[in-house]
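Chain nomenclature is as follows: A, B, C and D, assigned in order of appearance, with residue numbering initiated at 1 for each chain independently.
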Amino acid sequence: MKLELSRRDLFLAGGGAVAGIALSPVPWKLLDDLAIWTQQPSTPTPRPAGPLAFRHTSCSLCPASCGLKARCFGAQPVGFSAVPGHPASDGGLCPLGLTAHHLAKHPFRATLPERVSGGKRERIDRAAAVATLSAALAACGKNPKRIFAVVDGRPGRSLSRTWRALATATGGLYVTPPAAGASRSLEALGKRFDGGSLALGVDFSKARRVVSFGTPVLTDAGTPGLLARLRAESRRRPAAERIEVIQVEATRSRGAALADRFVPIAPGTEAAFALGLAHVLLDEKLADAAFLAARTSGLDEFASLAARFAPALVEQKTGVPAGVVTALARDLAASLPALVLGGDPASAPLSAEAEAAIASLNLLLGAPFGPLPVRADAPREADGDAKLASATPFDALPDGSVGLLLLDATVAEGLVPWERLKRALSDGALVVSLSPFRAGLGEKATLLLPGPAPLEAMLELEGPSDAPLSTLALAPALLLPPKDLPLPEEIVREATAAAGLSLPAPSSGRAAALLASKRGRIYDPSAASFEPLAGIASVDALAELFARGACWIDDAAPEPKGRFALLREGEAPRLLEAALGAPSALPARLTTLPRESVSAAPPSLLLTKLTRETTLFTPPAAANASAARA
Amino acid sequence: MDDTLIGRGLRRTTLPRFLLWLVPWAALLALGVYAVYLCFAVGLNQTNMDNRFAFGLWIYLDLTVIALGAGAFFTGFLLYILKKKELKAVINSAVVIGFICYSGAVGILMVDVGQPLRAWFTFWHPNVHSMLTEVTFCLTLYLSVLAIEYAPLVLKNRRVKEVPGALVLEHQLHKVMVVFAGIGTLLSFFHQGSLGGLYGVLRGNPFAFRTHIGIWPTTFFLFILSAAAVGPSFVLLTTWLVGKVSKKRLVSPEVFQTLAKISGSLLLVYVVLKGIDSLIWINTASAKTGVQVSSFYAHPPFGTWVLFAEVVLLGLVPAALLLSRRVRARTGLLVLAATMACAGVVLNRYVMTIQTLALPSLPFDSFLSYSPSWQETAAFLAVLGYGVLLYSISFRWLNLFPEERELATKG
Amino acid sequence: MKLPAPVSFAVGLVPALAAGWLLFPRLLYRTEAQPLAFNHKAHAEGGMACTDCHAVAENGRFAGLPSTESCAGCHAEKGESKTINALVASYVEPGREVPWLVHARQPDNVYFPHAPHVTTGKLACTRCHGPEGESTTPRAYQVNRLSGYSRDLWGPSMTRAGRKEWQGMKMSDCIHCHRAGGRESACLDCHK
Amino acid sequence: MHTTKHSSTLPAHRYTLVVDLDRCTGCGACGTACAVENNIPPANEKATERTGTVWMRVLEAPASSAAGGPTTFVPIPCQQCDNPPCVDVCPQRAIEYDPRTGIVGQIPVRCLGCRYCMVACPYHTRSFNWWSPEWPAGMESTLNPDVSVRTRGVVEKCNFCVQRLQAARAKASAAGQKEIDPADYVPACVEACPSRALYFGDAADEKSEVAVLSKDGESFRLLAALGTGPKVFYRSSDPVVRERLSRTGVTRG
């Protein structure tokens, strides 16, 4: 019997198979699974790394030292919010701070020492790093053209003592960069006090008019958003209490665009403009006569200088219509208290003469002790017996003299431009950076000793030097540094020892020094309350508070006795010459991310959202290109 | 093999020449396929569309080819439902063109969406309020109808006929064709309309938004009408073009007359209604949103000339021409008028898509520009290449013009 | 001899049915072993409640599975049993978390809060998780090869016919229960 | 808790954002906090302001007067319209208006990426994922586990940090409360704004700050004439700014 298989049988069997599959779960289950499959994330699936907890610390990226409330899953922070009422920041945070937890994973992060030789960058081990550094240290001091210099972005820390001791041991320099914001104006004014140098801060809440010669007061200086907030709040108050911001600047910067009044001015003619305002104030007897009589000296000499700057001349020099100069001066006099701030070392530095003229103008307006209060530095460890080098200002760094340059991790390129540093270096100098990033100055260094990234180590953070009161946080670490990270401070110590030099043991006495001062109050962010420092029982208790993210704030300092000189000895001729000089070139108009220029760390990659996906800010590449041109 | 595939009594060029003719179109298709591959593999960042110009060349293309492809349903409607027997001469060609237009549009749409694998969710979780749902449903269904209408053409091929059952199937299909023509017409009415509704429902866009009649904005009806009007014109145009290229007489002149008359009359109705709609729009848009209609035309290059060109130059004028017996008598003028009619609808679809997106919306927006990337253009041209290929093959091996043999033996 | 039509049909039908019902599930799911032979029943008989290990925190977050640290609260040292030895040696001592394969884990875009269900809604754990607490060894974890999700989301039966309430954790199951109780919900109540 | 109560007994919430334009300095903190909270990836190398994924966009409006005058920065998240033009256009119900919160939700896993909603939205607050999201190695560990990551080819937008509402509801549930503590539900942008230009709350509560602020004469809404009913209000003490920003953009001059 032979089985005949026809095409019909095949069709039937095929039909049966189709029916069988249709009657099985296959099609329906597959349909469902495929639907889910098309929704499969080809993306990371974030899972909590532990239970949710909030931890407090302070941001170390810029001098503002804002309080951070970190939302953490297990040990992993996933976001920050500001801490309302925090003494340093009062609830403000900037884009840089909001992304601080990304920096440990930044693509430019370095976790091993790197050396650049012959134009090639190579990773080296700890021993090689120590050897390179110790050879360079040993060579220092022998040749006066190849000295050692260390740049410290945040002087006054316990670590700063180590750097000062190292400078002493090698016969080198301990260099401090200018502080960001309005510090230069405050210094210029403080120097005129006859009781010696006086530290002043800025208290915007006490001013009705803020005249800024390029200081980004609304956008980028001091506590993020503070002046914008104060100004907006004042608008709901009677007209006489409103705060107005007047920006005097050569370009329509972001700050100028936001100011209530923008006075475009020929670049480099700020001194003439300030003296013009002084002229009107004195000529029309609008200056704060009581303050001048009680608190200043040298009015006649200054008046005769200012007399030369009639509004007509000022118009000719600065391009600002005479009427605008007069009206502004009258408005300032009518809306006291007013204050005037100079440029910003990071974005728009002014000449010393312009700062001097601005200091005089502040005196005519009676700004000191009101909008410009006296402040004291946060308590520091006493030098004691230790022989420690004193600070050399960055501007005073001699050209072509440095054979070994050590850049602390806190040094920001915006305040310490590489072009200026290069001038100070002698041929074949070794540039050591302790930055954890292969970016900014870390990229320029020939020996990179990367340390812990932001949030990976406890840091001593003082608030900005132009804040009305000093603050201090011993900000706890949130993240663990990579396991095998060689600590740069240890490498430096080893290399120093290998070079036959000695350093004092590392100290950590800041909390003790603070406690001993009995000054100020401490803010506990978890309780959102202040406690007088005098009430803290022990250094351990204080340290524990700091470990919970606390922040100390100073008491208001008493008004000192003494007078300000309206002009310093021999200042008048220089001032006159500068104010009558020709305008300078127009600076490029850039809008960098807030605080980008004063941060030692590169911005998180997420901030490309702002620089690439909005038109608000100049992309970093364009900013670098035009900075190089300038 | 090739010879035996060509319909009896039809004369076609030699196979090598035919293949040579296909080469450039195949190249176009291949380039487009590569562009589509890029869009799938790398993503839609290969296009120049962006968050503000979220629709671009492709959506415009879809709207346009579907309007032009309307000849398929409308000729079917005229032939099978209204019994305009003379249109039998072009129905096959119209079906092929419709199939090309619709399949091209659906294909491009699948590239245009970011997650084509999820496109079928529309059937699973449909939002009945969305015009796009209506478009998706009707388009897919109508494409299936077109495939069914296409099938008899293939089945009647000399060689396919020899397969047992093919003729029976063809005969059965022929008997129910009137049903499919009806279904096709209904579906087409809906998706042509909902394509218009796509923009007419945009409440946030005073330029595109139109008064609603029932649940549909007026653009719903205008799109149906304009598509029905230019469909016959496009059939006329393609038939004439195929005749020119193949150097053959394919249909008798009366067919052109009928197509032109129908197209002209519908176009006239469309233009009148479009005019009325524009007047209503001008008077209600500003009343509702405070926007003067003139400000829509204050952003060059979109001046009032656009409206004029759409309604008068490429609307009223071709309508008049197509309705004039003296114009119809001269093929050159007739073809010009049909071209103008098609151009009017092409412009309308352009305006609805591009001007809608380009006009500023927020108070600090500016007029936006957009130019397609080469990938978008290549994918666009691939539809053209695919169309010519499929049409050429169909023309060679299927009997697209039933009158052709007769006319060839006669003349 | 010619085959009768039903026979030809059956020649196709039967293997297809067999493949669809018997082979397909094996192909679709992959079985993975749990890291430890955890005994729920022993813990429950020891007087522990589900929430002793799987608690809702004060902030409303469900803690999920207990950390190794909490296991170590009772099982810090070896000796009691093989499983405990393994726990101590592999996880407690090196301080690692146990990589449990979670039957009830939902896709990443799903947000399921325990607090409204357990605390407010007073639903028993068993309502959704079944008699998991009575198990003496952990059930084998089956993962869908296509979707990568646990088989428990679909339920044990391929057809989902006749399944118990706790068998299956698909969106339709959630919706079913919510609708039955007249509880309205929006997409973003349960999706993130 | 909403999910456990019958709808008829539910009080309707109207979560509302008020933006004080006097305070905004365009610093970008809101958008940054938003990107961190919502797991928005860093910009692709080729991304521009028109192809980026930005939920909270800050735009610079022209100066308020011809003579220059201060610039106004306008942060624009999804306007959470009460009469949203986007919901009805989605072909597969990937957008939903929740009548209990007023939040317009977009469900990326349902989205097929047709971008019709983007065309429909006059505020341009949606982003299409033109690229696959990518994070540098290791940075995924900083992602927020409360928000799922979206894939290439889908549309996304602001949802008022609804995950924070979810968390607040769960917290209320755990504490046996029916209503959330308003302090527990604050979107990331509001929390981040250093000049406190953003106010958030439930406008259904007549006494809430947002209810009061949104009703006074200084508040207005963008494109109010279109009838979309946004729940994002803007306010300015400058009548010129108010007038200019409440216009429809197509109107020239």
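The criterion applied here is as follows: contacts are C-beta pairs under 8 Å (C-beta built on N, C-alpha and C of every residue); 3 or more make two chains touch, one makes a residue touch a chain.
Because the structure is predicted, anything quoted here is derived from the model rather than measured.
**Q** Between chain pairs C-D and A-B, which one is joined by a greater number of C-beta pairs in contact?
**A** C-D
**Q** Pick the chain whose C-alpha centre of mass, unweighted, sits closest to the average of all protein C-alpha coordinates shown.
**A** Central by C-alpha mean position: chain D.
**Q** Between chain C and chain D, what is the separation of their C-alpha centroids in Å?
**A** Taking the mean C-alpha position of each chain, the two centres sit 36 Å apart.
**Q** Could you work out how far the Cα centre of chain A sits from that of chain B, in whole Å?
**A** The computed centroid separation for chain A versus chain B comes out at 62 Å.
**Q** Report the inter-chain centroid distance for chain A and chain D in whole angstrom, where each centroid is the mean of the CA atoms.
**A** Chain centroid spacing, chain A to chain D, equals 31 Å.
**Q** Could you state the distance in Å from the CA-based centre of chain A to that of chain C?
**A** 51
**Q** Show the residues in chain A shared as contacts by 2 or more other chains, in ascending order.
**A** 39, 41, 45-46
**Q** Quick one: which residues in chain D touch 2 or more of the other chains?
**A** Chain D, residues with two or more chain partners: 48, 51-52, 60, 109-110, 132, 147-149, 151-152.
**Q** Check each residue of chain B and list the ones that touch at least two other chains.
**A** If we look for residues of chain B contacting two or more partner chains, we find 115, 118, 121, 124.
**Q** According to the definition of touch, which chains form touching pairs?
**A** A-B, A-C, A-D, B-D, C-D
**Q** What residues on chain A touch chain C, complex-wise?
**A** Interface residues on chain A, with respect to chain C: 1-6, 8-9, 12-21, 23-26, 29-30, 32-34, 36-37, 39-41, 45-46, 50-52.
**Q** Using the touch rule from the top, collect the residues of chain B that touch chain D in their complex.
**A** Its residues touching chain D are 43-45, 49-55, 112-116, 118-119, 121-122, 124-127, 129-133, 136, 198, 201-207, 288-292, 295-296, 298-299, 356-357, 359-365.
**Q** What residues on chain C touch chain A, complex-wise?
**A** 1-3, 5, 8-17, 19-21, 24-25, 28, 57, 59, 61, 63, 67, 107-109, 144, 146-149, 154, 158-159
**Q** So in the complex, the part of chain D that touches chain A is made up of which residues?
**A** Against chain A, chain D makes touches at 20, 22-29, 31-33, 35-37, 39-40, 42-43, 47-49, 51-54, 57-58, 60, 63, 68, 70-71, 73, 109-110, 132-133, 135-145, 147-152, 188, 191-197, 237.
**Q** In the complex formed with chain B, which residues of chain A make contact?
**A** Touch residues, chain A against chain B: 35, 38-39.
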